[in-house]
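Each structure below appears as structure tokens.
The two complexes that follow have subunit A in common; it is paired with subunit B in the first and with subunit C in the second.
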Partner chain A sequence: MVKIKKTGLNEFIELLMKDYDVYSPADVGKKTAFKKINSAFEIRHDITNTHLSPKDVFFPQSEVLFQYSDDGLKVPQRNEKPIAVWGMRNCDTSSLMMLNKVFGDAHQMPGKDMYKDPYWKMKYDNCLIFNQACNEPLSTCFCNWFDGNPFAEKGADVFVVDTGDHFILEGVSDKGNAFLAKYKSGEEATKADLDKIAELKKTAESYLPDVIDIKPLFAKMNKIWDEPIWEEISTKCINCGACTFVCSTCHCFDVTDEGKGKKGKRIRLWDSCMFQIFTREASGHNPRGLSTQRVRQRIMHKYNYFMDNYEQHLCTGCGRCVQVCPVNLDIREVIKQVLDYKLSKNEDN
Partner chain B sequence: MQKLVNKVKEIIKNKEVDVVIGWGKGSLPFSATPIFVETEEDAKKLIFDETSRNNLTTYLTKDKRRISKDYKKIGIVVKGCDSRSVVLYAVENQIKRENVVLIGVPCNGVFERKKIIQLAEGKEILDFQIKGEKIILKGRNFEQTHSLKEVLCDSCLTCQYPDAPEHDYFIGTPRKEVNVPEAYKVINEFGEKSAEERWAYIQEEYSKCIRCYACRNVCPSCYCPECFVDQNDPQWIGKTPEVTDSIIFHLIRNLHVAGRCVDCGACVSACPVDLDLRIMSKKVEKEIKERFDYTAGTDINEKPAMASYCENEKQDFIMG
Partner chain C sequence: MCNCENTYIPIPMKVEKILIENPDRSLRTYDLSFVNEEDRKKFTYMPGQFCEFSILGKGESPFGIASSPTEEGIIKFTVSRTGSVTNEIHYLQEGDIVGIRGPMGNWYPLEKLKGQDVVIVGGGFAFTTLRSMIVFMLENRDDYGKITVIYGARHPDLFIFKEELKEWDKRDDIILHLTVDKPVKGWNKLCGFVPAITKDVKPDPTSWCIVCGPPIMIKFTLPVLLEIGFAHEKIYTSLERRMKCGIGKCGRCGIGSKYICIDGPVFSYEELKKIPDAF
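Here is the complex of A and B:
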């Protein structure tokens, strides 16, 4: 373990910047997001979760897939350094691992050649993740419902704890250890530091909500697709895309062409199942024309369909959607509502 | 509060309405949440206070909602701005005024949650207490006191109609129109800057837009069955969050709600990236007021500014 004085962090970040493009929580207007930084002084250490999620670093809201002209197609290559992200939280890191199942290498089915997205892979495959412990989880955090923990190291290359005046860094992966070995100015962490970390962990866990048993959620959802519960849940939803765009795991996208004459580009951009245009067909028919159907789709995708495909829920309990929803449609309450729901039909049918 | 609950119970009992849309306690300390009350029992959940941010009238017109499908007569709890939205709907033939029952509530302004988040500078506020003109914000290990004005919506600070000018019932006694001498102060100051400075500000601000359309979807005046940004044959606007396209979206939305915006501030509160949306909408409101002497949602018998014509109107903006 390496101990770095907070006041000396810039030296560490400068070393990191030699090998990597460094992203971290930073101010973007009046909000916070993961942004490419040029010095440690831009890092917002004082916040827990950024307002916008880090998925944008690896899966940008809009990304050029190729450009075309008389000279043919040009696919963008990544010539920059690999990406390092400082200040990720356990929920953030978990969400990237989920997205890596969809776009990257993490999910393989025996005998099946799974699609791997080159645009994701060229950013994610060589990245270095610094996962920072959450000393003070927010009141909207519920990572503990999904096996998360404010002090979990899972998925990180380096695990970071803020102990007040210092950061304690622990290599988790080979990649993480290899980088830490390059840094010579750090001190060694002491027994007192380890005690402090244990104490911080205990305090952080005490801030989390009571754990609810979400194991029955998947099976319950298999049975409620055509139940009236969706009308109850969705009545107040206004079908904006705020929840899906701040969500660290929502990854539906649209593909659009922008061009003039013989020149142009094809772009992939975030889409939202909340929009009525999302499923509108060329004929004009829309299989999800109603708000209720769209809300059901989002919730089912998170807690049922993704489970079907990848054996986990597509939610890390980061609480960003809870923070931004203009009508306070709180996903924690939706989960409880589904779990408590009594089926209107006989279960055997 | 009890008076509100009693009134709603009474009109449900008398079958004056099938449902009452109001605010209930939300899951976050500064947000109430819309609730749909169908029974006398459920009426007990109704609240009205500084957290009652939403303009609930947006549920009256939005296309294909359960609410407009299932209910013949709808009761709705309204602040001043919300009642003006209902007037707008009636004027624009979106609803029949006699099909809605308006329960006016006395409004002293509602919280802008994002201002509170800003004031906390990264720390989390978990609770609050109002003491006269002050508000005490409480976190895990700290408290900070601010003037109430610092945490109210900008639109509340310049509101001239806090007490539902249009209503069927009113909880308490409605105040008359309030005089706000500096309603357009921010707009006037912005207008004094050079064109370059203004353009730079607008570009910087709208480059942050993520095109989630929360502003449009909460807006009571935005009720087109199909928004121009959702049309793709022809496609009017690029779909990426490229600043030029985002500015076009906001400009056109503002022109679509010109003379129709009631300045409820719902768009500002809903924006997840905190855009200064009012810099455009308030300017348009001011222009409409000065040119056509029209304020949206204040007179149910007056034709909308954009649907009427007078020979002596100034037309300098058409041919320069």
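Here is the complex of A and C:
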């Protein structure tokens, strides 16, 4: 373990910037998001979850797939350094691991040869993740429902704890250890530091909501597809799509062209299953034309369909959708509602 | 860039031939050839698969491949002028260069159909992949048993591949039942919606059945087939959604936990009945 005085963090970040493009929580307008930084002074250490999720670093809101002109197609190359992300939280690290199942190498659907996404891979494959413990989880946090923990190291290359005046860094992966070995100015963490970490962890856990057993959720969802519960859940949803944009795991996108004449670019952009036009076909036929159908799609995708395909829920309990929803449609309440729901028909049918 | 295949890059194709299928010019069939020989060699497909047809500056739309793998060097699509991309496709001239991405998705169960009687039920301009399938079976005629085709359109003008339909009608190794929605002067074949005609034709329920058409036609034809006594696992259909990526990522074509672009577009009724929102 390496101990770095907070006032000396810039030296560490500068060392990191030699090998990596460094992203961290930072101010973006009036909100916070993961942004490429040029000095440690831009890092916002004082917030738990950024308003926008770090998926944007690896799967940007808009991304050029290729440019076209009379000279043919040109695919953007990434010649920059690999990406390092400072200040990731356990929920966000988990979400990237989920997205890596969809876009990257992590997991392919069983029995299926899945395409890998080169644009994701060129950013994610060599990245270095600094996963920072959450000393003060927010009231919207519920990572503990999904096997998460504010002090979990899973998926990180380096695990970081803020102990007040210092950061304690622990290498988790080989990549993480290799980088930490380059840093010579750190002190060694002491027994007192470890005690402090244990104490912080205990406090952090006390902030979290009571764990509910979500194991029956998947099976329950298999039975409620055509039940009236979806109308109850979706009544107040205004289909604004904010939840899907701040969500760290939502990954629906659109592909569109921008340009004039023979010159332009093909771009992919985040899209949302909450929008009516998402599935509307040119003929006018729309398989998810109703708000109820769309809300059901989002919830079912998170807690049933993704589980079916990738053996886990597509949710990490980061709580961003809870924070941002303009009509207070709280996904934690939806989960409870589904679990408590009494089927209107006989279960044997 | 990683060295994995970049499936977002379209394959350049040349418009060889354009056939205007109907008097109001809303349906056109495009024969495309490969600009690069190596692309032609790499592009192997089966009846039922689809491609994203790409017009730079306008975008992409998914279409079933209407040609059969037995028609070498040519990839055929029939396009109805409906939205912005299809509008642009209709402006194409012979000789123009366009792009396609694919082949995508799965295909009709041609292996399982070997030695079996096959019933094909189609409607409107969704007949494209069914044409692919019929041409493929006729080229390999000895591999299959009796072939029965039920094909309906709103109006006689709205059938596609009219010349081929005439030729097939003359053959004795394929039985064709063509129907239009309402009586039309000069039309001496069947009249009535596809589900009703299917009921009248009453195909042998021991055969295999492939259904492809507008969602409403599929929805009402399936119960007829079940009533006649077709086995659930012997009925196949092809579904359509507004597919964008075509590789199971962009989220548009999800039906339950399946994606039409990679798990389909061809599904058996046995599979479909387990998926809640297929239609």
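Structure notes:
Here is the rule we go by: the second predicted complex is superposed on the first by the 345 of 349 C-alpha atoms of A that agree within 3 Å, B and C clash if a C-alpha of one lies under 4 Å from a C-alpha of the other, contacts with A are read in each partner's own complex, and residues count from 1 in each chain.
Keep this in mind: contacts are C-beta pairs under 8 Å (C-beta built on N, C-alpha and C of every residue); 3 or more make two chains touch, one makes a residue touch a chain.
Values in this document were obtained by computation on a predicted structure and should not be read as measured data.
In the three-chain model built by superposing on subunit A, subunit B fits alongside subunit C with no clash. In the superposed model, A:333 makes contact with subunit B only, not with subunit C.
By the touch criterion stated above, A:139 is placed in contact with subunit B alone, subunit C being left untouched. Residue contacts after overlaying the shared chain place A:61 against subunit B, while subunit C stays out of touching range.
In the superposed model, A:324 lies in contact with subunit B only, and not with subunit C. Using CA centres, the angle subtended at subunit A by subunit B and subunit C is 90 degrees, rounded to a multiple of 10.
When the two structures are aligned on the shared chain, A:266 is found in touch with subunit C, with no touch to subunit B. Applying the stated contact rule after C-alpha superposition, one finds that A:183 touches neither subunit B nor subunit C.
In the superposition on chain A, A:254 contacts both subunit B and subunit C. In this overlay, which is a superposition and not a single complex, subunit B and subunit C have their closest Cα atoms 5 Å apart.
Of the residues of subunit A, those at positions 254, 256 touch subunit B in one of the two structures and subunit C in the other.
Taken together, the subunit C residues at the contact with subunit A in this complex read 1-2, 4-10, 56-61, 82-83, 85-86, 214-215, 240-242, 244-245, 247-252, 254-257, 262, 276-277, 279.
Interface of subunit A with subunit B (complex): residues 28-31, 44, 46-48, 51-52, 61-62, 136, 138-140, 207, 231, 234-236, 238-242, 244-246, 254, 256, 258, 267, 269, 272, 275-277, 289-292, 322-324, 326-330, 332-333.
Looking at the complex, you find that subunit A touches subunit C at residues 65-66, 68, 73, 75, 77-78, 102-103, 109, 112, 114-119, 121-122, 125, 225-226, 251-257, 259-262, 264, 266, 268, 271, 273, 278-283, 285, 287-288, 293, 297, 300-301, 304-306, 308-309.
Within the complex formed with subunit A, the subunit B residues making contact are 26-28, 31-36, 54, 58-59, 62, 64-67, 114, 118, 121-124, 126, 140, 205, 208, 210-214, 216-218, 230, 232, 238-242, 266, 269-270, 272-275.
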